[in-house]
Amino acid sequence: MEKRARVLIDCEDAKGLVYKISKVFYDRGLNIDNNREFVDKEHGRFFMRTVVSGLFEIEELLESLQSTTPVDAHIRVIEPQDKKIVLMVTKESHALGDILIRHADGELGAQIECVIGNHNTLKALVRRFDIPFFHIPAEEMQREEHERHVMKIINEFEFDYIVLAKYMRILTPLFVKAYPQKIINIHHSFLPAFIGANPYKQAFERGVKIIGATAHFVTDDLDEGPIIAQDVIPVNHRLSWKDMQRAGRDGEKIVLSRALALVLNDRVFVNGNKTVIF
Amino acid sequence: MEKRARVLIDCEDAKGLVYKISKVFYDRGLNIDNNREFVDKEHGRFFMRTVVSGLFEIEELLESLQSTTPVDAHIRVIEPQDKKIVLMVTKESHALGDILIRHADGELGAQIECVIGNHNTLKALVRRFDIPFFHIPAEEMQREEHERHVMKIINEFEFDYIVLAKYMRILTPLFVKAYPQKIINIHHSFLPAFIGANPYKQAFERGVKIIGATAHFVTDDLDEGPIIAQDVIPVNHRLSWKDMQRAGRDGEKIVLSRALALVLNDRVFVNGNKTVIF
Amino acid sequence: MEKRARVLIDCEDAKGLVYKISKVFYDRGLNIDNNREFVDKEHGRFFMRTVVSGLFEIEELLESLQSTTPVDAHIRVIEPQDKKIVLMVTKESHALGDILIRHADGELGAQIECVIGNHNTLKALVRRFDIPFFHIPAEEMQREEHERHVMKIINEFEFDYIVLAKYMRILTPLFVKAYPQKIINIHHSFLPAFIGANPYKQAFERGVKIIGATAHFVTDDLDEGPIIAQDVIPVNHRLSWKDMQRAGRDGEKIVLSRALALVLNDRVFVNGNKTVIF
Amino acid sequence: MEKRARVLIDCEDAKGLVYKISKVFYDRGLNIDNNREFVDKEHGRFFMRTVVSGLFEIEELLESLQSTTPVDAHIRVIEPQDKKIVLMVTKESHALGDILIRHADGELGAQIECVIGNHNTLKALVRRFDIPFFHIPAEEMQREEHERHVMKIINEFEFDYIVLAKYMRILTPLFVKAYPQKIINIHHSFLPAFIGANPYKQAFERGVKIIGATAHFVTDDLDEGPIIAQDVIPVNHRLSWKDMQRAGRDGEKIVLSRALALVLNDRVFVNGNKTVIF
């Protein structure tokens, strides 16, 4: 049956890769609807994302591509369909709300399995959209214990990504390692400026003229994971740090939603501590 | 001898083009240093820009590519080297100056053959850089007659592009047709807003909150040619139209220089009245 | 009792206005928490917005300011409190949704009295937020008749502003005149580029490299009212017009919400066909 | 004689300052052409910049303002006229070139007294503009010794500001202290991200999606002085750090020139480690 798939290939660079890969598509009579490649010359790494359509079997296509590319090749053939995500939040509604509205509109490209909050604040909002909300309070608890409770909920769901929509707690390495390249965070500064707590206050005190937001994959190193998207907003001396925080929210939610759309459309490769985005 | 070339292909879309073209490179053992493609689905048109390196003859490569691609294919194999340009100016120095500084620095990627001004104002500046300046006054003259004088100078030079660096006169269709896809203009508005004379005054009167600049190829239709680059600058009620003009100059010169760099690096395809930029 | 008010003055320019107005505040021992002025020199018009706090009676303050300023002065003394708004929508949820989330969060600075749609599409979303939704279909009806139905609903509410959150119908002069300087619209282009229907399609066909959105007061002239806020988004040849539409939505909703915040905070003066924004 | 002056006042905040200051202007029959105020509530500090015109003596006006404002008031009455600047450079021409072109055009608002380079590279460019260039090599010399040579040259000139137009050496506290609030630097990153050496390489390695430039006053703490202006440029995975450096140059020169224009127009107050800009 005619179908369409996204082919993502990530391997050691070698001569003739574009030729060999496009030959696999050509031999099967597939259409290339979209094709982008990139070679990271510093690390000798090849990245390719091709949208193909036609008559093919995913397994067979995957095997042919595997036998054609270097042995280390990481190849995915993905049929476009809604992914599944889990959201984690604290008290602020803007990033969550932006995702909920897109979800209600059918524009998100993902099913929201549930929302987990370490506070109860956003329960009412989430319930308005008929999505399960779990309140896992963190008070009087070790970080590890709280995360065990969270993971117990999370692991009851099948999901592709965990989205931290202004989840204001630091995750332990244990948690992060359990979901490699699956946790997406929005940091409320133009990283690597103002790493850590209260970046708007830091920005205010430094007297910067531009503030920003950064969506990134979460890794062990706090605020140091591969950056997916960033944006900035001009500010001036008239804004208090609370004003900056307010002004920054629009940037945060848009950057997170933009990063999420890229990830859900399989447009993002992780390349060491960076991303390649097609 | 090992060399490097930019291969630009522009043809009717057909199945297998990436495969067939990359096979030509593969069969000759060429390295693909950079590769980008685009299919304009609306018009069924295929665009590809590949930087290859290795041992090859330009003529032979061109012939092989011709025989592999649809008959209408427009194929160029270009060795990277400085292009040649002619500048046309009136009185304002900012766009010209930006190009002169890059030229003096060796950063422009082009040799400036000469500067032609319909006023004498910028002669002193141009002479500081030891570049020929021709003053062709337009007073008491038909437009056609003035252009004949200009063309007489221009045609004494070999050049790849004519750059209108704030040349404030309208060109006749005769002039434009003589240099198809070779004339680049900077228009001092965010086209298609404020077509025509004094766009800053128009912007001031309309009370816009953002002004812009547009670099485009010149065609018969005034301010309607294919857009290469655009940028914007925020403004507010405190700016007079003279202030807007002043503020806009930085945008104008940067947009023109950016467009020029794209064109000189053979990154721009003209596609009907639009551009494809890699 | 200690209170705080926004004083907005708009009058013919005259020497000594800042002195005379600040004397009124000084004589009453009021604090100036914030103060901004602007003189439109072209039209000889003075604008001032001052936030004062202290012990005062609004009526008495207003009278003193009136007697101190030119006779044509338009003076408002406004105690900060939530305004009331009515929303009008068609089918798209992004601009509406952004406002609903801010409303649910208490961040909007306005009470949403009701939402009126010419289609039923957004009823479910609005109902999630316990806000009245009125479906006034426009099929098989003269424009005037439809508007009579809309106005009948609107006029049952007290409100400060009507917000067109992607209301895709043109309003008649009759409707517009009924609510002068009270109707705020988001236009999905960087006005004055692409006035009229389907600006994204127009933008796509023109091949622009930047698209935009414009929030403005609605006047008789379609898409010609005073501009409150604008923003832009870079695009390229890879985007179809549907892609541009999708990409543009984030800009639209943010620009509308930003304009709305300015208006609700009494930061916007209408000055002829322009705005002065403090 | 009718004249025009910029009045800059910076003092402890107190009730009635706008009234008292505007009374001084009013009593003398002066026109207020432009007026802006700001209160830093955190530090209880008042800033005001007024452009007045009319008949007045600078000394007399200054005394009246002094007797009206708190004792700590720092008051300047400045007649608009070209300032004088000294430039310091190393090898890169873009920031210097941008200033030279504005200077040649009469647009800079300052007289360039001389250019000092620790390399000889830019001598030819500077000489094209008939401006003195001093080459003070730093090789085989202690930092302090080199700076003594530089200061010897500098101190032969009268000047208002020293502009570091990509001067790639760190200044000692001794040098910095000799010219308080008089040294303006352009740093090639979006401070406080990437403080220190080779910020583009740092940005490349971190995989950011936006790079920037920052103009600031130089203080003892490297890259920590009050920020005057910042701007950003989007980048992506396809840029090497050399590409980022090239792309960043336009931002650097525009930000430096914009900061310089603000300073030369007396629009910048230093407020602790921040700026207030009108």
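Which chain is which? They are A, B, C and D, in the order written, and residues in each are numbered from 1.
Keep this in mind: a residue touches a chain if its C-beta (ideal position, glycine included) is under 8 Å from a C-beta of that chain, and two chains touch if they have at least 3 such contacts.
Since we're looking at a predicted model, the values are computed, not measured.
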{"item": "For chain A and chain D, chains touching each", "value": "B, C"}
{"item": "Winner on C-beta contact pairs when B-C is weighed against A-B", "value": "B-C"}
{"item": "Centre distance in Å when chain A and chain B are each reduced to the mean of their C-alpha atoms", "value": "38"}
{"item": "Chain B and chain C, separation of their C-alpha mean positions in angstrom", "value": "41"}
{"item": "Chain C - residues contacting chain D, complex", "value": "15-16, 18-20, 22-23, 25-26, 29, 31-37, 39, 234"}
{"item": "Residues of chain B touching chain C in the complex", "value": "38, 40-42, 190-194, 206-210, 212, 226-232, 236-238, 240, 271, 273-277"}
{"item": "Contact footprint of chain D on chain B as seen in their complex", "value": "93-94, 97-98, 100-102, 104-105, 107, 125, 128-129, 246, 250, 254, 257-258"}
